[in-house]
Every structure is written in structure tokens, then in C-alpha cells.
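Following this line, the structures themselves.
Next come two complexes, and both contain chain A; in the first it sits with chain B, in the second with chain C.
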Partner chain A sequence: MNSIIQYFKEITQGVGSLLRGMQVTNRYFFSPGKIVTQKYPDNRKDLVMFERFKGEVVMPHNEKNEHKCTGCGICEINCPNGTIEVISKTIITEDGKKKRIIDKHIYRLGMCTFCALCVKTCPSNALAFSQEFEHAVFNRALLIKTLNKPGSQLMKGVE
Partner chain B sequence: MEEIIKEVVIGEQEEYVINMGPQHPSTHGVLRLVVSLKGEIVKNVEPHIGYIHRGIEKMCESITYTQIIHLTDRMDYLSAMMNNEAVCLAVEKALEVEIPDRIKIIRTIMSELSRIQSHQLFWASFGMDLGGQTCFFYGLRDREKVLDIFEETTGGRMIVSYNCPGGLMYDIHPNFRKRVKEFIKYFRGVLWEYDAILTGNVIFRERSIGIGTLSLEDAISYGITGPSGRASGFSCDIRKHEPYSAYDRVQFNEVLYNEGDTYHRYLARIEEMRESMSIIDQLIDNIPEGPYFVKMKPVIKLPEGEYFQRVETARGELDVFIISDGNKNPYRVKFRSPNFVNLGVLNHITKDFKIADLIAIAGSLDFVIPDIDR
Partner chain C sequence: MLLNTITNTLVTLSDPWWKVFYDFSSLTKGIDEGLRSSLSPFWAVTVEMVIIGILFLLFYAVIGLFLVYAERKVCAFIQNRLGPNRIGPYGIFQTVADLIKLLFKELIPIKNADSFLFNLAPYIVIIVNFMVLAAIPFAKGLHAIDFNIGIFYVIAVSSMSVIGVLLAGWSSNSKYSLIGAMRSGAQIVSYELSIGLAIITVVILAGSLQLSEIVEAQRTGWFIFKGHVPAFIAFVIYIISGTAETNRGPFDMAEAESELTAGYHTEYSGIKFAFFYLAEYINMFIVASIASTLFLGGWMPFHVGNWEAFNRVMDIIPPFFWYIGKTFFVIYLIMLFKWTFPRLRIDQLLTLEWKYLLPINLVNVLIMAFLVLMGWHF
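And then the complex of A and B:
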């Protein structure tokens, strides 16, 4: 007799515990205001990332197509896995002096681990992170990017 | 006819070997378990690892100490903050740098936040392993709030790279205090749902109480640390025994149970979330002003010698051992990762349980596979 009572007691307790869990889910079912999911591809236009978000490394240019990169190569030394390659060239300035300037700043997005050491250690703050996060492309070669824009120059006053 | 009967009888007596993984949803990654079965009873579990081995220890030998940090993110990606901290503390100990209180307190808050989000994901995936799909959505909903805090301050969600030798990469965001307080208030309000959905659930209790019991002696001899060890009564919390950062100035309880079964390994993690919240409560209003990093040399060279640091990650004890020969690269770096050691006990505690219990036991040990392989 005792075991039968125990048997039914366990069943009622078990059903009770399931109902208690259902209570929580029902609460959210009937109050849709508490739902936190985003409709991602549809809300693309007004989706704002955090300002420090590490999207990809970019070299900001001003309206005169000038950047701050002097081609010192500190970012290349600090990069742990060879993502960055700085190719510089020597030119002769108007007053006859030799000067080393940047030719190409190559950034391989496919290898980047977003450790932020290049941005952090750049002495002239020439690099920054963009908010872009949709990196998928159909061709792997598109992930190798040249950060300085064609025809760009070093900003005046940056040494 | 006789031959067929004979074969069936032999088949019943022999052990039946199946592969679980490497692509199996409940191994949480690329872990391969070779399971010997007798009917439905597990007789032997042999983990085969190495599917995600990247040679992190070897890679550390060719890069500088600041660059090691971004590799430690990728070991136990759910406790990235604590992994970063372990290497930073070892380097700072070697250089005998005095770290200001501000850095220590921020590091402690970040570590505890990361412990909370790790345990939230444990709850989510453990519930799903045992058939409760709802848990996964509820756990990830709350975890998102911690990840937002990380993203705002560090720029990364899981791969944070926030600590660096000598301090922090960035100062905390102006919204940091407000957001953490909001999160703590919010999470205290919803933690009862975790208990209502899973802890009290009759199916969950039937499947976890008394399953995979690990005794205190075995926990110590196998070296099981973290919440899994503490559920067996093994007092192994590094935060208590060897306080680092700001753990010596906060009050918290070490969560200890004596039962050591799957259910108590689960409970230990739920309770740890509550303890973590109380640690953050004590520190969040006391962040002093000051610099967020100590000026270090551009190239860090450790003096010749051996350096050792222990930290408590969300899964157990992480040890970093660095041998330096005076160069800018370490001579040898060794990580004692908690998951690798915890995996060793799996065969011992799953023996003679059903194969469905293997999922529950492996889930309760909370493996992160990249930390096993490194």
C-alpha cells in the first residue's frame, strides 16, 4: 500500500516540476515584449556596432586622400602571424633629400587574429578598426587587401 | 540455423565498439570517444584527441611575450580573460612589476564576468544534451548581455585579448560600470528561471542524481579541479588558496559538495554564478582612478629563469610555466590546462553506466576541446 502511495506521489511531483518549467516558457509566450532576438539581415541598416568593435584593420584617409602611415614597419614586426606586410620605396624629395615612403601596405584579412597589436603599437595612429563584419567573399584572393588608397600621400606634419 | 544462433550468442558476449565523434553534437567540438559497449552498458571509454591540435606551446617559442596573449585566447575560449591573465601575471612576476589596484580590480571583475558567461553556456548546452532545447535559448539570451559588456570595452566578444603584460589593452568604457550593474540586477532576477526550468525538472533529476559518482580520493588522485572537483569535496579553488589579482580583498565562499555526481557538478556551477555576482558587487563601486597600464619596454625580455603562475579558470586550475633564457622569446612555455586533466577521469566514472549517461557525464565535466588539444 505504501509503495502505491509513493508511486502516485512521485508522478504528481514529477508533473508538478514539469508544469513549473512550462510556467516560465508560458510567461514569455504571452508577453512578447520581453523577447530579445534581433531580425538580423532585415535590420542591417540601423544595426550599430560598438565603437571599439574589431571588424577589420583599415587605414583612415582624409578628404585630400592623405594617410598617416610613414612606413616604419612597427606593425609588421608586432604582428604575430605575418598578416601585415609593409612595402616601402625610396624617393628623392624636392630639396634633394632621400626619403623612404610607403608603397603598399598589404593586409591579409584571412590570416588576421584581431589581437589589435598593430593598431595599438602604431606610433602615428595610422591604423584603426572598422565596424565592418560581413567579410565573406567568394574568392580567397579578395581577402588580401592594400590599405593605402591609390595615389594617396603622407599627411603633412606626420613624421 | 544453428550457426546463426551461435553467432548471435557470441555477439552478445563480445563488446561492441562504436565511435562517438569527432563530429558529434554532444562532444561540443572535435573529440572522438571510442566506446566499448556490452548491450547498452558502457565498458570502456577511450578518448582520442588531437583533431584541433595547433601546437600553441611550440608557437609560443617563436613569438614575443606580448604576442603570446592572443594565442591563449584560443585555448579555452570561454575563459579567455583568465587565460590572458595567467600569462600576464607570470610575466609581471618575472619582471617584478608592481601592478596598480585599478588594473587588479578590473582584471578580477572581467574574470568573474567571464566565469558567469562560461557557466551560462554550460547550463545552456548541458540542458540541450539532456534533451531540454529551451535551456539553450534561455542561457544564450543572458550570455549575450555579458558578451555585450566585453564587446563594448575590449572590441571582441569571445576572443578578447584584453590583458597584456603590464596592464590592459584599453581602459574600461565609460558605460562599463553602469552596464555591469544593470546586468547583475537583471541576472539576479532571472536566475530562478534556471532552477525552475532545469534544476527541479523530474526528467533532469532522474538522469543526473547518482550518475557518474566521483569520490574525493579519486578526484584528488586524478587531479580534477574546478567545479567538477569541488562537487566531490576537493577544496581546490586557487582564488582561495593562492589569491592573485584582487581576490585577497573580497569575501566569497568556495562552493563545496560531497556527493560528486553529475547533479552536484551542475549545482556547483549554478552556485558559482551566484558567488561571482557577489564578488563583482563588492568590487564594481571601488575601482580607483589611475592609469590602466604600466609603462613597459617595447620589447619585453624576461631574466633567465623559470616562472610559474596558477589561476582558476571556469573549468579548473590553469598553470603557466615559462622558462626564459633571457631572450625576447620564451625558451619553453607549458600550459597545464584543466580540461585535459579532467578528460582523464571520464573512463573511470562512466564505467557500468548506460550510454545515454555518458552524454550526461561528459556534459557535466564541461569540456572545451581546443583547451584539451592546445
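And then the complex of A and C:
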């Protein structure tokens, strides 16, 4: 007797849970609410990517054309596939000391896996990810980028 | 000759032309008489068969493509997406583009496959589809063959599609295909029972196997209302086992893509794959249209007992639209199943059939027979 009650209980419970599931999908079908699909090429103008999106590595400059890269080379050491190459030069400051500053911070986008090791390990937070994602170019040479802008200088107070 | 036929048809249509949408029998009779007056009986029948064949081919393609599109849209809305939206307004030509692509694709020959059976399998599935479509009443008088054992014929023929699936799986000489086909065989053979018993419940109520009579018997009320609870239970069981018969989710173990890549049609490419794909959707359409014919009154408008005015308003909508509307309602239910429920395991599937659906169904048939015997249905 008990097993028979159990049998019908199972059926009603099963049907009930299935109906609840169908209720949810049915509601979504008739009022989907927020549509998550991005109609990409049409909405290029007002497409906003997420903050955490890793588009490409950039070196942010402030309005006085100053960056924070000291040329220590930690990003170059950390990069697993040799994407970054830091070319530094030595200058003599006004008070007669020798100082190493960067000449060129070369970033090869074509080799980058966007692992973010360079951005995470940079001691002076000189690197960041931009949300740019349209990387396609016709010439591979265009993927080799120099991150520091011409004539830029080290920000004051960053050692 | 052709002119003669057309004038004859128009003469028989003495009523206003739009009357034809409410009763196709005058139109079909007119065409038949026109052909017979100008041709010998043999050629008249041949021409009629060709006309019906072309109509069914067109219907097949249009319905198949539309259902693929509808499925993608339904699942997209359920998942908060947009679905196809690139080709044509709202992407309605997406599936046409897909079909053209599949037509141009290479048919890859499989080494060590049984090439004769391999090529035969998609055609068996398609032929079975056409044979079932022939017996379905689309509207009043729009019915290719009205057998006196119509629903029996439909069950008998539709269960043949398993042969196509098994042939495809066996002849592909691939383990995925074979496992998929075996699962599909086990599934279709066991769910055939439930579907048959659910249909028998309705046949008891209608007292006839002829589809046109079954529809006519629902003039005063659809069977799902007429037969009280047993008819509703039979409807639910029919929908569940129909979903399983067509190898659709949540019963799609025959092609479970996460386990078997694509099941029995893994090795097929190009238009042969498209045949399987279309056949699957037409199968769904057939299951839905049988459900609407048996339980929801086919092309019969919605009538309530003695409400004369209400009934007349309902009669304004042509029967064909009633039929299509009901069929698409059932198709929507089946699609909702697929996009709501997770896939069953093979043992769960067989447990559902043998431990739950079949016993309930048998008792249900008994109750229905008792109801009809006592005259408790209305």
C-alpha cells in the first residue's frame, strides 16, 4: 500500500516540478526582459565593453604626456611568450647621476595571449588593458606597437 | 485542355470565391471533374497525383524551413537572446540561406560504409514523412487520402521511420552512429506503445478510425473537453511519447551531441544531412498535427454547446487556420519541453515508459471505455 502511495506521490511531484520549469521558460518566451544579444556591427558607435575585458596592453599617459614606466623590465621577464621588449637607455640627470629610462617599450600584439602577467606584476602600475578589440590589420608589421608615446617622460615621483 | 479544366473548376465554384477557404471539397471536386472530362481516367489520376506531390513537396519545404527558424527563435527568446536576425527582416530567410548552403556542400563519401544503405537511409525517412502527411486532414476537403483506417495507417507508417534511422546508423560504420541508432531504436519501439494506447483512448471516444470522421465527431466539442480527465491524460501521454518518438529533447539521446556528436547522422553531410534535419522537424509537425486532430478538434472551430452567436463568430475563421493554429500551439509545447528539461539517461527514459506511462495508459483506456459505455461524455 505504501509503495502505491509512493508511486502516485512521485508522479504528482514530478509533474509539478516539470510544470514549474515550463512556467519559467514560458514566461521568458513571452516577456524576455533584457535581451543580451549585441547586434555588433550595427551598434559599433555605442558599444561599451566591460571594465574587465582584456583588449590589448596599453601604457596610460597623463595629459602632460607622462607615463609611469621606469624601464625595470619585469614585464619583459614575466611575459611567457616574449611579447614585450623593453629597450632602455641611460641618461645623466642634472645632479650628475646616471639613470636608466625607457627608450622604447615594444609590444607585439600578434604574440600576446592576454594572460595579464605584465599588467599584474608591474611595480609602478604603468601598464593597463584597454577595451579595444578590433585588432584586424592587413599587415603583420602593424601589430608591433610601441607603447610609450614619442617625447613622453617618466611621471614625477615614480621611481 | 488546361483551359477547359480551369473553366470547369470555376463553373463548379458558383459560390463566392472565398467560400473555398471554408470548404475545399468543391474546389477539389471541380479539378477532378475537369481533369476527367478532358483526359482518360488513367491520365487524370496521374495528373492529380503529380499536383498533390508538388503541393506536398512545397508544403514540406516551407514547413520544414519555417519550423527550423521557429525553433531557433523560440529557444533564443527563452534564453534572453535574439536568435537569427541578419538575413531578411527578423532573420526569416536564415533557414533558406542555410538550405542553399547545404545544397552546395560536398557529399563526403565514407570509406568502408555500406554506400547503398548509406544513401538509401535519408530517403526512407523522407518517404515515411510523405506517407504520413498524405493521411492528415488539413481542412475540410483538403485531405489527400481519407482511409477508413486513417489513424491506424498513420501509426503503422510513422513507426517505419525507425528503419531509416537504424539503416543510417548501421551503414555509416561509425561507433557514434551505431550507438545513436540503437538508442533511437529502443526509444521509438518502446514509445510506440504509449502513442498507440493514447490514440486508442481517442478512438474509443470517436468510435471510428477514419480521420475525417474523428474530426467530424468533434463538431460539438473537442475530445480533450469531451472526454473529461481521461482524454486530458491521454493528451499529455501522447505529447510526451510523441516528443520521444521524434527523438527531440529531452529525449534526444539518439543524437545527444555532448556524447555522440550527432548520433545517427554523424557521418552525413550536405543535402543528405539536410534531409535528416528536415525530416526531424516534419516529424514534429506530424506529431503535433495528429495531436491537434485527435484531441483539439483538427480543423474544427471552437464551439461551445448552445452558444449560437459565439459559434458563428468562431466559424468565421477558416478551418485551415484553426488547424494551423492548433498545430503550432502543440509545436510550441514540444519546443518548450526541449528548451526547459535536461536530457534523460537511457535507463530513465525506459523507466518513464515502462513503469509510468504504460500502466497509467492502460488504466486510462479502461476508464475511457467505461465512460463511453455509460455515456458520461458529452
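Assume the second predicted complex is superposed on the first by the 122 of 159 C-alpha atoms of A that agree within 3 Å, B and C clash if a C-alpha of one lies under 4 Å from a C-alpha of the other, contacts with A are read in each partner's own complex, and residues count from 1 in each chain.
The working rule: a contact is a pair of C-beta atoms (placed from the backbone, for glycine too) under 8 Å apart; a residue touches a chain by one contact, two chains touch by 3 or more.
Just so it is clear, the structure is predicted and the values come from calculations on it, not from any experiment.
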First, second, both or neither for A:113, with chain B first and chain C second: first
Chain B versus chain C as contact partner of A:13, first or second or both or neither: first
Touched partner set for A:33, first chain B, second chain C, both or neither: second
First (chain B), second (chain C), both or neither touched by A:80: first
Partner chain(s) touched by A:5 [first = chain B, second = chain C, both, neither]: neither
Partner chain(s) touched by A:25 [first = chain B, second = chain C, both, neither]: both
Partner with the higher number of touched chain A residues, chain C or chain B: B
Contact residues of chain A, present in both the chain B and the chain C interface: 18, 21, 24-25, 36
Contact set on chain A toward chain B in their complex: 13-15, 17-18, 20-21, 23-25, 36, 50, 52-54, 78, 80, 113-117, 120-121, 129
Parts of chain C lying in touch with chain A, wherever the complex brings them together: 74, 76-82, 85, 336-337, 339-341, 356, 360
Residues on chain A engaged by chain C in the complex (per definition of touch): 11, 18, 21-22, 24-26, 28-29, 32-37, 39
Chain B to chain A touching residues, read off their complex: 63, 66-67, 69-71, 74, 134, 141, 144, 148, 151-156, 159, 161, 169-170, 173, 193, 196-198, 200-203, 205, 298
